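Naming follows writing order (A, B, C and D), and every chain is counted from residue 1.
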Amino acid sequence: MNENKVVAMLLAGGQGSRLKTLTKNIAKPAVPFGGKYRIIDFALSNAANSGISDIGILTQYKPYLLNTHIGIGSSWDYDRNTGGLRVLPPFTSEDGGRWYTGTANAVYENIDYLDEVDPDYVLILSGDHIYKMDYNELLNFHLEKKADVSIAVIEVPWEEASRFGIVNIDEDNRIVEFDEKPEVPKNNMASMGIYMFTWGKLREYLILDAQDERSKHDFGMNVLPRMLADNNAMYAWNFKGYWKDVGTVRSYWEANMDLLDDENPLNIYDRNWRIFTRNRNLPPHYVARESLIINSLVNEGCYIRGEIKNSILFSDITVEEGAKVNKSVIHPGVTIKAGAQVNNAVITERVVIGPGEKIGSEDDGKIYLVTEDGIMVE
Amino acid sequence: MNENKVVAMLLAGGQGSRLKTLTKNIAKPAVPFGGKYRIIDFALSNAANSGISDIGILTQYKPYLLNTHIGIGSSWDYDRNTGGLRVLPPFTSEDGGRWYTGTANAVYENIDYLDEVDPDYVLILSGDHIYKMDYNELLNFHLEKKADVSIAVIEVPWEEASRFGIVNIDEDNRIVEFDEKPEVPKNNMASMGIYMFTWGKLREYLILDAQDERSKHDFGMNVLPRMLADNNAMYAWNFKGYWKDVGTVRSYWEANMDLLDDENPLNIYDRNWRIFTRNRNLPPHYVARESLIINSLVNEGCYIRGEIKNSILFSDITVEEGAKVNKSVIHPGVTIKAGAQVNNAVITERVVIGPGEKIGSEDDGKIYLVTEDGIMVE
Amino acid sequence: MEKCIGVISVNNSVDNKFGSLCRHRPPYMLPIGGRYRLIDFAISNLVNHGVRNIAIYTGDKIRSTMDHLGDGKPWDLNRRFSGLFLFPPVYDERYKLPYSDIAQYHSTEIFFEQVKEKYVFIANPLIIAKLNISQAFKYFLESGADITMVYNKRYDPFGEFINVENMHIDKEGRLIDIGMNLGTQKSFNHYLEMLFMKKDLFLEIIRETIESGEAHYFKEALLARKDRYKINTYEFKGHVDYIRDIKTYYEANFNLLKKDVSMELFFEGGTIYTKTKDEPSTLYKETANVQNSLIANGCVIEGNVDSSIIFRGVKIGKNAIVKNSILMQKSVVEDGAIIVNSILDKQAKVRKGASIAGSPLMPYVVEKYAEVTKD
Amino acid sequence: MEKCIGVISVNNSVDNKFGSLCRHRPPYMLPIGGRYRLIDFAISNLVNHGVRNIAIYTGDKIRSTMDHLGDGKPWDLNRRFSGLFLFPPVYDERYKLPYSDIAQYHSTEIFFEQVKEKYVFIANPLIIAKLNISQAFKYFLESGADITMVYNKRYDPFGEFINVENMHIDKEGRLIDIGMNLGTQKSFNHYLEMLFMKKDLFLEIIRETIESGEAHYFKEALLARKDRYKINTYEFKGHVDYIRDIKTYYEANFNLLKKDVSMELFFEGGTIYTKTKDEPSTLYKETANVQNSLIANGCVIEGNVDSSIIFRGVKIGKNAIVKNSILMQKSVVEDGAIIVNSILDKQAKVRKGASIAGSPLMPYVVEKYAEVTKD
């Protein structure tokens, strides 16, 4: 069996510096999201739900919390005897140590891993996007087109197209041009950074790329353009659905708020496509008398006495009597003391908001990022 | 419960270059040993059998095969939801990436891990020694002496003492001096590189050592002497039993041969102290008619038609008719073709010895290391 | 605690007091507190006190037990050479009473001989009491007793604990005898059916009684020997629930709405582990109104909930009223339905506009998968 | 193969043909080939062909089953939402014949409804046949049959396969009927008790027969419908062992000494997984003399072994002679003992100088833990 063996390589090394102090102590993929998850859970759960049984996770930047989160992969059912999940950090060999210098280089350095797993196809994923995708659809498209590489693309609003890597295609969806952040986009199909490669082809180009001293060893900037120049069969697969690259604090806040929208297409309640995450074994949350919770998500272990509106509460949060929380994202372990008011804020793990303290304002259109180091406004 | 929480830090980063091509593609702890194991299995199994539930494995040099071997730690029962085994490779942070520069530095870089586990004691182990030890005995000694650090020491023959780090003690076993490879040893108690630290003390000295620009960040050379100079309570615990640091091809061969010795104190058949290893699910070995096996260890999956004397056969080895193997260590997957003769050899994984080929000689006292690159004589 | 093996042994005598709730599950598998099963408390407490080997005598209807406990992974008991051992009942006609606890213990004699632990701790999973097992064990060891039994001093002026075991203790804390509490006194010592003893003694008593035929139940055998051995007692001072019928089951759930009880059971002295389900957070819609309730994950709430226990994945529609009720996993309350003093078993459904109500003494129970429609 | 669920269902009719070997274990738990249990072949083959969900109807004496299979970890079946499902027998008096396979299947109806797979593959764990399940499944799908049954063309001039199921097939390969082979013909088609069918059809037949009461056993129900459905057949051409009594059990073990059989079963088309024990390599001492034998790990051999199967951790002393015998786990043969045509069950011991001998048709069996002394 096991025809069409796919191994996924999940790039989880990024620092995500535009997220500011949200990523002070953790890699971007480890940032909490959606009341319960960390960002990487989406890509990991997609892989698990797509039946991909081997996945390599390429880490580099402050991997400690990420490693704790992933553990042995049991949450995603990747704790297997054979195959399963493998964390792949940089390492040393006879010629000394090498850090990963780019996305392609990170995969290149782990050719040994790929050779041992011996897949037919390699799926490159990025650990910092919020979306649900059945990678089998991409694989089937890839097989149908007999492609060397297939790139998942998504329609973005025309006015935002110039912020993305745009993919220009012919009528058969074959890629004819890459247009990195074009001033005048010919197209509004943006690359999602999700690539399905035929392994032999990828292997060949990783080696070519590694030998090229001028390369930055990046898939988007170097490997894919080189493959295109060599006239390989490269196709764009049109993904329809919710997808968000939470690059800034504002887009992070917005993506969280999206979950409260009735028409949000990212249905986290779908039992056929669960988003898995590390479980903390907390009891159900308790809602006291005289409290109010509307249009909000609340996770386990919370103790709520105040008023919660239009907000996302992670686990283990205490909201005392008279406190009011509105349009905010509250990370695990936060305490909001009596009478405090929180508006349009992102409050990071274990911060305490003092009694009567006021954070943010309902109507100035700004987002307040509250960490142990203070408050940043965006 | 969980009084006296111990976390083990297993140093498995070494290249072991004196083992020559045995460590060409793998770290020394991953070298096969004893017909079934890899060297690291001994330290890992000791930790598991001692009931240590948290263990960090510090890797750096070519960790790929080691990681495959360890997997999620299930062979050693370390695949747990909480605690268990954690592989700790080097990583990057805001100030860039740092490779481990010494044994103490490797532990220092993972202070975050230790802080989270929050142990009372930290046990430093090395992944390249062959021995069985109940670390609880070392812990009890440490507690009894109210020590800041306790060092396991072993009596070595006087004539070899100058090759070791010698520990000089007073009548209460308190350490008064370290003597690194002394020309005229005062003592024959060698440090085994196994240290039980009180965590607070270790933490303090790791930070001091990290700040010292002249330090090589090595436990034996820097951290322990500094602690001694500061008059900390340092004790030597006298280990009695088999212990071998297989530093050279010859000592590697000898340590394997030791297992065939009836009086060898390293009893691998003791069910109360099993040596665990990754299981390959091979069938029993088959011994054909007209074959002879004496004074040898044979592992699963072998198919034996020839003559095996005084040898260690790992798994999945074929010995064809008329082939003769004597005083040799044969790694997994080797084929010895009809009529070949192998003497005093170490044959590495998947090598094929051709029909009638002769390797080594019975009486020249040399050891022949046979790899895919050829034969080296020691 | 590595010296002590945990034995969880089921008292079958209460099986028929739970009506349809226990048609397909043993009582210790009853859901409680929004996401747990009764037995989770006993197992988690053992694990949190460092007990590495736990033997469970499952009784019958074990498919739900096997599904929930499986290999013990949620408790990290999926170990290679220790962990969770499930012993389904074995029928061996050579025993006088094949399904008695003594016969079942005897059928696993080799297991007890082979484990390294020198002591046993036996517990009844229907009694929730977050005993500090480490401390009690220390007391047992230091007191030099052969057996230490755990009790709770109970002030019970309203006779809520009629028919439970009443333990008589002398001034030195030694066991005099165990009888039944008939409520003639306002206070009594409630024996919590937990005890420590040496493994060798445990096996000796089992062998003796199998040979002599004198007793069928272990407690019986113990009490017959109360003068031969030094049996002392240990007082547990925390919260106790003894789930022995629908009413006590119902009350035990509501006790968890009290902050002191939920703090003691859920947070102090270690987490309660259970099988996880990966439900997302609970969504409160615009019309939700929840008061004094415990709400598990994965619910979508649009209606009114008061003083209730809501398990994972429950849906409560607009204008629905849920009061003093227990809604088990994936049950559904449609728009405008009214549910008072009731228990909805797993995946039960109350349809639009239907109403059900029981009394606090005898809550209304809707069976697993059943549907209640408007007349 | 993710579309197909594996169902391993036990034929209880042979239980009493194994004597003391099956006193405490079901036949599918018999040790075979030095380190396996019979059922390992069926489970491993399913797993190697990508089947992710396996249901095992355990029959009774399940403590050994639970100990061996546990959570299915050796087969990587310890998954969160799929994997190994053990169904111990459920007694429900509403069924006509509560322990029949149809009643047991029916009691797990909801399980089948909830799994995603659309097809079932049913197998009997007592028949060892390393079927290429993927290929057979492909044939089943492409042929458009409702049911595909697997058989083996058997040339049996000496009547070794008397009383097994004889399948009659028409020219197009469609099933005509299944009878019993009485050995009147030298060749016959041996039905291997493996079949593919649609899950919906499987459930439909079960519901029909429960309602009508017409059949107790699934095969009976199938054959009654052979004209209603399109039932075709698939030929398996490899090695077959059908372990149905001590003699066939004994022979199946010795078949593994043949290189072609052991290559087919152990290496071709995937590994056979089993619970691992971490035994070290086997030690051959100076006086060892081993010929034509399969030797598992952890043994210490000082004596003579010829044409035998030696399980893990066996000890064979000096001058001992072991011939045509099966020595199970941790059995001991002391110095000078002689063992011919015999089976030593787990941890059995033959003391110094004692000798035992059976015949190839009826090997001598030494029970688990038993000792044979020199009179």
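Annotations
One rule holds for everything that comes next: a contact is a pair of C-beta atoms (placed from the backbone, for glycine too) under 8 Å apart; a residue touches a chain by one contact, two chains touch by 3 or more.
Keep in mind that what you see is a predicted model, and the values were worked out from it rather than measured.
More contacting C-beta pairs link the chains of B-D than the other of the two pairs B-D and A-D. Relative to chain D, the most remote chain by averaged C-alpha coordinates is A. Averaged C-alpha coordinates put the centre of chain A at 41 Å from the centre of chain C. Centre-to-centre separation of chain A and chain D, using mean CA positions: 47 Å.
Contact of a single residue of chain B with at least two other chains is seen at positions 74, 79-81. Looking at chain C, residues 73-74, 78 sit in touch with two or more other chains. Residues 61-63, 66, 70-71, 73, 78, 86-88, 90 of chain D touch chain C in their complex. Those residues of chain D lying in contact with chain B across their complex are 33-35, 73-74, 257, 259, 262, 266, 271-274, 276, 278, 280-298, 300, 309-310.
Chain contact summary for the complex, chain B toward chain A: residues 13, 15, 59-64, 67-68, 71-74, 79-81, 84, 86-87, 89-94, 97, 99, 112-113, 116.
Partner chain D is touched in their complex by these residues of chain A: 1-2, 51, 74, 77, 80-82. Residues of chain B that touch chain D in their complex: 34-36, 74-75, 260, 268-269, 274-277, 279, 281-300, 308, 312-313.
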